[in-house]
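Order of writing sets the chain letters: A, B and C. Residues in each chain are counted from 1.
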């Protein structure tokens, strides 16, 4: 699904990512961990086109015979190819309603042109109805159907994180990137989130790449884990391997 | 549920507007009719600027320029051939325009389209600039358009301007266009493209991550804004009958900005109301600028006082409103500090 | 010979106009550096400086050179007042909001100008000392054309000393590099911002006095075009960068004069020149020639 080769990202003097390699198979849940400032979010930003990498390849293969080089594409193009994300520092459309937030996630798949929407032509109305139904379904999935008309920024923190996931799901992604989805959640909410991630993976046929600080979440959910420190990949493997890896324990688990 | 209950209200408002305009035309004098016309034109202008600035979150100050394009288009296209010869005595008008004399409707359309064409042509490259740079660049465009119109003697008659443009604009035209603009922008914002504009306003990074092309949507919003501004400029030409490049200074853009800020960034109904109020106030407060005779005393007006009042209102509204907003968002994360 | 002397004349005219733009541009760039705000009213502060000088010279018994010092000081305080009333209440708001307030402030000053000073143009009382023509090898030039760049250079030297050697100046630079860190380090932000507005307005008023001595027609709207052009000069040089503002000012002044001189057919487009230059720079090198502030994403 995704193959990252020798990825480098430099900001002036700061080297946020220094030769990252990774391979994510279709249908996997893969974790990315590392101390604060290790460069995890930067890797997400590069995959989704927010930054163009200083060097390296990002090969995305949503199907057996379909391959795209993501490096150099803009974020909107990448989202259209089926790579969508959430943000560590929640970026909802704060002044808009909960429903509108999810509805906007559908926009990239719209076929009607703008004039059909203004004149509300039949073929657009069919499309719009489908988009609203899908949005409402997603809201129901995250348990926000009753808050659909509330302002997104008025939701509690945990709900905002879920809303971001619903918004991302509305884009019909194949690869979903989650940046610290459990941040700020209590243990109860965290357990629900793990369940929720498993559920959506099944239902929407997703491949998931996630950054997380809660070790229990990562260890519980990932099939494969990459560990980053100061922009360098220091370990990779399945959860049990990572837990036993000395460098990881030293650089990260011991401190955290 | 909301949807269904809204339709009759819309129809009632529409009917009231038509009856109101009919009665106004029967019973009001020319000066009052003129204010009604201006209100309608300013509704269109306010909405078109609000689409760009309030709903899509760009900051364009080019409205005077787009209006100038529309006004000159209508002026040149509708003016009778003999009138053209009288106007262009310094230098004859370019041959391909010398013999045209179009009706008002096609001229208004042309005004909108040419405004879109030029607006997008010069606007598209700078739309990716952030707030303040975009503001100054679009302001620059408006100035360039004014300078060009002052210098293209055989096309625009230069600094002399155009006189004797047929007075086609009446309340049906000005408010007809205003209603069409209200309808168009309401339905645009109801649909998925309008929602995408709002998303861009709220958070460009998140909007792009959701697959929304910033360039495409910004150009789209800008183009619609240019269209209606151009048409409104055309109506203005048909109302005043006389135009010259100096009418289209930044003061004009300032008036529209005032309407948009008072009515609320992103608010359609608010813009309509504030357009009418500002237009009427501009006239009512004219006494501040000009001498008035109250029968027993003559008060001397002070030129400029009117705009002083309006500037103070603008600053106060911005500050008071923002204070409220900051108060409300204090407990939360800084959603407004996203540069 | 004739050609060269005419060219020299254009050159000195260009340099003196460029110096004026530079003086105004510094105010824009300093304010932008700290508040990330285009102070739209800066051009009108410049206008105010000229009028204050006019009234000082014409209506008081003070000698002209005292007025030439007092008026800029007074203008500086108006600058502080402007910041406190129109900008400070909005600190932390969205940029578009502050920008709207800035536009409002600009219109307020212009129209207050019309109300108080009257819309009728007035003639600036240029002191005899500044206003006589000298002949230099066949080129006759008004001394004020020399005085303008000279004063500009002196002020620049002073300003450079201030920003690199004094404590306040260093704090100002720290603040423009990194607002958050600087405010955590215990720098009194309000004081620095007031000083910035004072200095910017002071320099604009000096620019105004020199402008009046060169082009002695005063009008309440006289600040808006030079203001816009000077802002463009600041962007061209790299906004936030004082040296850049000066270089931008010279490019604009010289470019404008040379356009009129060398391509007289295009002289009607003189006012468009600056805007076209602006748009080219924004598209090609948005950080300006000397490199300005870069925002962190």
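Following the convention adopted for this analysis, contacts are C-beta pairs under 8 Å (C-beta built on N, C-alpha and C of every residue); 3 or more make two chains touch, one makes a residue touch a chain.
Owing to the predicted nature of the structure, the values given are computational and were not obtained by experimental measurement.
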Query: Taking each chain's centre as the average of its Cα atoms, which chain lies closest to the overall Cα centroid?
result: B
Query: Where the centre means the average of the CA atoms, what chain is farthest from subunit A?
result: C
- line: Cα centroid separation, subunit A vs subunit C, in Å, comes to 49
- request: Please compute the C-alpha centroid of subunit A, do the same for subunit B, then give the distance between them in whole Å.
  value: 42
- request: Could you tell me the distance, in whole angstrom, between the mean C-alpha positions of subunit B and subunit C?
  value: 31
- request: Enumerate the residues of subunit A that touch no fewer than two other chains.
  value: 50
- prompt: Okay, in this complex, where on subunit B does subunit A touch?
  reply: 184, 187-188, 190-196, 198-199, 202-203, 205-214, 220, 332, 335
Task: Spell out the part of subunit B that touches subunit C in their complex, as residue ranges.
output: 53, 57, 59, 61, 125-126, 129, 131-133, 135-137, 139-141, 143-144, 147-148, 150-151, 250-251, 254, 257, 261, 265, 302-308, 310-312, 314-315, 318-319, 322-323, 325-326, 334, 336-337, 339
Field: Residues of subunit C that touch subunit B when the two form their complex
entry: 36-38, 85-86, 89-90, 92-97, 99-101, 103-105, 107-108, 110-115, 118-119, 220, 224, 228, 231-232, 235, 268-269, 271-272, 274-276, 278-279, 282-283, 286, 295
Message: Could you list, by residue number, the parts of subunit A that touch subunit B in their complex?
response: 48-50, 74-76, 79-80, 84-85, 87, 91-96, 100, 103-108, 110, 112, 114, 117-120, 124, 128, 131, 153, 167-168, 171
